[in-house]
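Let me begin by presenting the structure, written as structure tokens, before commenting on it.
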């Protein structure tokens, strides 16, 4: 009787695992299935490298892919040094107490909803960028990237700080014993030993920027041209999905957003594999 | 006695800190400066009496009440789907699965956690179209579809926190009850789960926070600008984050925009409280913070 | 002393080999353990003394990447039988073979519920019986007088020595035939250790006790027999 119950519980747990595990595969399956009519017959090339002009029957998503990558790269470029600076402040360089308070604030920042970043972006940042760029709508790659960098910095700071804290205290004691200054401890002991964590945090932050929808949708301008400069308007893949969703179910235009979904899915998978590569190979230098 | 390069490094770190703090205080300060005048009961209940609205006697037309109610119902439903499945999966992976099975499923859940929320929304939308065509014409993007899609979104949180909490238990805790003759299941339910409750709770709180703030999933799966209080699982509904998004581009009067600021403050307060609580319960949650954009 | 003493044998270990993560910890061990006696197991650390205990209650099965070969027989219900026999489940075996760990490991619940926990596991509902047995076990563990007025307090409020006696009481509540003690006094001060030693001597009348110990004077005081682990014997 008891053994039967044990087995039943184990089966139920296994079933949950299989159900939740299959979600990952089902989502990809759906994307592929829905995008299939578009990918067959040699049109696949057209989709991924073509331009977007539904009027001429061209449903290429290249401009959106470029938009996504441009916004993400730029935002990570801005937020990475900032995050390293902040986490150094929290972990090593700043006064202990203010470091603790800063960490508390940064933790709270992770809770700010993305739609709020977009909302404040529209009414605060966009006018500023409009003024700086003298003309245009103010909605551009740089606008979105700036807001996104504020969005991803807190998580990066916390992640870096965690890897700083994992540096064995004995290393720090050793450096202290040799009379190292705080900056020397940071540069010669903490940063080299936290290298792996920093790389992983960087990749994850990039993934988070790639996947953001609301900020790009609300303040990047959503033009379907490939942006020529950071002050140009651009459309991210995520925003593209949100904007085209209203199209007729049977149209090719509608199907093309599943190609966007697939590209985003593959980006996400690449990020995960990248992280695992760094996390599971023992390349930590001593 | 400090060398110039050291001063430079220290200065840089101070500068970064000030910039980040400047950014967050500008964002929150801007919201409060613009929106604090809207914060009163009229913001939520409009011209309807509070009691009438809460008892659903009268509809609220010009307040946030339907959006807040929609968000609450949505959160409760999504979490109700996700909690049992997520925790069960976490238990299985931590306590029953072999190394290879665990490795494979962890890969799956890492990917699921990394998939942008809009893609999950797109899946939910396509799924509802599929059901509409093949199962019943009554099914279209609605509360039910949104809650299921959101459950997918937060499932990895719950699985991961459960798994990590169980994995982190020390060996003597693990063996104590077994040595008294507990079966594997008794050990899990009487000892291991109660011991890892705080870790699991923080995952649940994070999941609630994510469901409350998400906009991308719901905007594809059934949320609309005006729907009133959700009537059934198959009806469309309003939600706070979508309202904010909608107002930002569709406002017609300064008063309408003001309710947008008010809604932002309410949502911000809700989410910041939830996330801080999760961090308070469990210190090392950083790996979670990266889940999902 | 060997197989000819079979009628006094409680546990017989034959060709017992145990390895963990590919490292051999027990290597073809043969040993008999007498009934109603205290057998002290001594030797330098890291030679598998605690491991031996883990093989006797099958707790080793819960440790990933552990492997075991050989036979372990135990006289249960008057008959010598293989403890890995399919007719006996690990959880049943562990109710007959109590284990007390090096560090006290009370569960996060009240004193009473800690001691009553084995009844919860076996689904015993009779409140009167449980009350009586808990009191009995606490008395046997010399703890009753100290805790009888605060049975509902958390077990963590007790001192280290009291916690360890609580864990012993918890093992005794099912009246096990064998009690495995893994350095039960090593985390305690001298006075607390003394009480537990006295307790062990008292329990010997009805229980077979195997105790791992580091302290030679302690061994002299409590042991009827000594099994000595040495480096060359147990490590290849």
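The chains carry the letters A, B and C, assigned in the order they are written, with residues numbered from 1 in each.
We take it that a contact is a pair of C-beta atoms (placed from the backbone, for glycine too) under 8 Å apart; a residue touches a chain by one contact, two chains touch by 3 or more.
On a predicted model such as this, the values are computed, not experimentally measured, just so you know.
Put simply, the chain nearest the middle, going by average C-alpha positions, is B. Set against the Cα centre of subunit C, the chain with the most distant centre is A.
Centre-to-centre, using mean CA coordinates, subunit A is 17 Å away from subunit B. The geometric centre of subunit B is 48 Å away from that of subunit C, both derived from CA atoms. Centre-to-centre, using mean CA coordinates, subunit A is 53 Å away from subunit C.
With touch defined as above, residues shared between interfaces to two or more other chains in subunit B number as follows: 183. Within subunit C, contacts with two or more other chains are made by residues 89.
Interface residues of subunit B facing subunit C in the complex, by the touch rule stated above, are 171-183, 186, 190-191, 194-195.
Subunit B meets subunit A in the complex at residues 2, 5-6, 9-10, 12-17, 19-21, 23-24, 26-27, 30-31, 34, 84-86, 88-89, 91-93, 96-97, 104-105, 107-112, 114-123, 125-127, 129, 152, 155, 159, 183-185, 209, 212-213, 215-216, 219-220, 241-242, 244-245, 248-249, 260, 264, 267-268, 271-276, 279, 284, 286-287, 289-290, 292-293. Here subunit C touches subunit B in the complex through residues 57, 59, 62-63, 89-95, 98-99, 101, 103, 105, 107-108, 117-118, 120-122, 170-171, 174, going by the rule given at the top. For subunit A in complex with subunit B, the touching residues are 2, 5-6, 9-10, 12-14, 16-17, 19-21, 23-27, 30-31, 34, 81-86, 88-89, 93-94, 102, 104-120, 122-124, 150, 153-155, 157-159, 161-162, 181-184, 186-187, 201, 204-205, 207-214, 218, 238, 241-242, 245, 249, 257-258, 261, 264-265, 268-269, 271-272, 275-276.
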